[in-house]
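Labels run A, B and C following the written order; every chain starts at residue 1.
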Amino acid sequence: MESQSAVISEPRLPGFRVHLENFDGPFDLLLQLISKHKMDVTDVALSVVTDDFISHIRLLEEEGKGWQLDQATEFLVVAATLLDLKAARLLPSGEIDDESDLALLEARDLLFARLLQYRAFKEIAAIFEKRIEVAERSFARVVSLEAHLVDLLPEVILGLSPERFAALAERALAPRDELTLSVAHIHVPLVSVAEEGERIIELFKVRKTMTFRTICQSADSTLVIVARFLALLELFKEGVIRFEQLVALGDITVHWTGAEGRKIKVSDEFDTPVSTLEEGDNG
Amino acid sequence: MDRDEAIGALEAILMVIDEPISATILAQILEVPLGELEEVLRSLARSYLEDSRGFELKEIAGGWRFYSSPAYAQYVEKFVISGQPGKLTQAALETLAVIAYRQPVSRARVSAIRGVNVEAVMKTLGVRGLVEESGIEYETGAVLYSTTPYFLERLGLNSLNELPEIAPFLPDIHALDEVISTLTD
Amino acid sequence: MDRDEAIGALEAILMVIDEPISATILAQILEVPLGELEEVLRSLARSYLEDSRGFELKEIAGGWRFYSSPAYAQYVEKFVISGQPGKLTQAALETLAVIAYRQPVSRARVSAIRGVNVEAVMKTLGVRGLVEESGIEYETGAVLYSTTPYFLERLGLNSLNELPEIAPFLPDIHALDEVISTLTD
């Protein structure tokens, strides 16, 4: 069995280096520093990291190595998690004086845990790869029965009619994926942006000005907060609200500017299950 | 039956089988208690290794059989037209890792952990015989997936218990998984 | 190559080949003079006998191969009689069904359709006299397999024409095969 202490692995994004003011080195090392609490994610300029990555990919392209889909996918996942993590960190925390602060802190830890989990499975995948390589160097003895023993074999009993045999063939020859029952509809988001939008509009019928914090007070999960945020963006697009933030990282105040009684519909474009992000993979 | 006789009989039977054979069947044929027989198999396997033989006796996916020693792979490869399918991609390996440690697991859950849609990759793993449908999740009706015996074979493992511990890579991953699922499902 | 390395390589090769192999070919692969190699093979065969191993290395009709030792024939015969039931496993039946409806067909193609390595199962079908080699695929040089008259007899049919038609509704199954084979080859 492989050494399990070897948590620090080879770089997963070979050759990709990040050049920041406070850090200069392989992307993987940056991740490790963050995941070991040696570096604060809020100190990382993600835009610079992204720029670096894009130029890294361009360079590969120019060198004729083509578009590295594996690398790009991996980068997107890690960068998205870092962004989530950073967003959670940047939200005001300070003293924990109410429930919503606590929820934000938890959300931050959860994102952190998710990053760790993501990386753990990458380590395991590397072990799988090595194991497969080793196993492939061993060949099984697969031999026919020695001639004098074949005579001892009992007569074969197929035990089925030609019709049953044909049915078996049909099943064995059928393309497998058609047997998979789609259950995508069962996993539709439990939170609907459109519905949360309706709820916000109801709130504005009572008060014309509210902070984002107030709007999210009754939210019982991070997902609801996200849905309400998206609904607000939709309403902004409709031109019926405006945002105001007096100090950086301060409370966001939302003002209703729409006409009384105007019928507003929050679109449900965010509620469609994501099915377009496919991993480019056929092996 | 004395030990030498048992060893000889085991070697003779193992020489004619075309698929792995379980210790239970061998114990029945030799009329030897299972525990005793397993001990003989293990010490036999060890002796081949100690003698640096060109072959190994291994228990993989629940059955014993002879394999060529990896040390001589370069020679054997000239005879065996490698029926081994191509290499798995990084994405496939990682998805396989998630399924191996979370089985039985729904596609949605794997997707949540991997952070991307895994539909295509899981189809590939299924076609390659590495994972299979193994049930339905009671609460959601989602199809659950598990690894196959062929998966164990490809990794050269006897059972899932031989998978490396994940704990050193991530403390208390099961607890985390539960909370994370509330975030992502 | 020193003697120990040569012995290891020989044992490794002989353990996984099915057909007897000539000393000439082995000498070429190992890059060892033929005379020297034959001497190693003979002394190896002798050592197995002296150690009362359950297997023997024998040269029959110009080819070397491992066989089970006659000294333990009673156990091997007991295994063959008891361990090989008249009934086929589900995997063997399905593989047989694929061959029956696709013949003549290469092993790689069957493997692609079944989604698993079918080497062992096809050997079993061959040993049971249900399928046989029937030609060579022109483009690839792969061996093609067909069912035997014995297969028809066991299914109670007079000719392959009597096999019930299957699934005319399956869309262009050959095209699907192509897709599947790109996934698995």
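Basically, a contact is a pair of C-beta atoms (placed from the backbone, for glycine too) under 8 Å apart; a residue touches a chain by one contact, two chains touch by 3 or more.
Because the structure is predicted, anything quoted here is derived from the model rather than measured.
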If you average the C-alpha positions per chain, which one ends up nearest the average over all of them? B
With centres defined as the mean of C-alpha atoms, identify the chain lying farthest from subunit C. A
Roughly how many whole angstrom separate the Cα centroids of subunit B and subunit C? 23
With chain centres defined as C-alpha means, what is the inter-centre distance between subunit A and subunit B in Å? 29
Taking each chain's centre as the mean of its CA atoms, subunit A sits from subunit C at a distance in Å of 46
Can you list every residue of subunit A that touches 2 or more other chains, as numbers and ranges? 139-146, 149, 176, 282-283
If I count partner chains per residue in subunit C, which residues reach a count of at least 2? 15-17, 67-68, 76, 80, 114-115, 119-120, 123, 127, 180, 183
Residues of subunit C defined as touching subunit A within the complex: 15-18, 67-68, 76-77, 80-81, 84-88, 93-95, 97-98, 100-102, 113-115, 119-120, 123, 126-130, 150, 154-157, 162-167, 170, 173, 176, 180, 182-183
Residue positions on subunit A within touch of subunit B in the complex are 1-2, 4-5, 7, 70, 73-74, 76-77, 80-81, 107, 110-111, 113-114, 116-129, 131-132, 134-146, 149, 176-177, 180-181, 183, 186-187, 190, 221-223, 274-275, 277-279, 281-283
Would you tell me which residues of subunit C are touching subunit B in their complex? 4, 7-17, 21, 29-30, 52-55, 66-69, 71-73, 75-76, 78-80, 82-83, 107-108, 111, 114-117, 119-120, 123-124, 127, 180, 183-185
Interfacial residue positions of subunit A with respect to subunit C in the complex: 139-146, 149-150, 152-163, 165-176, 282-283
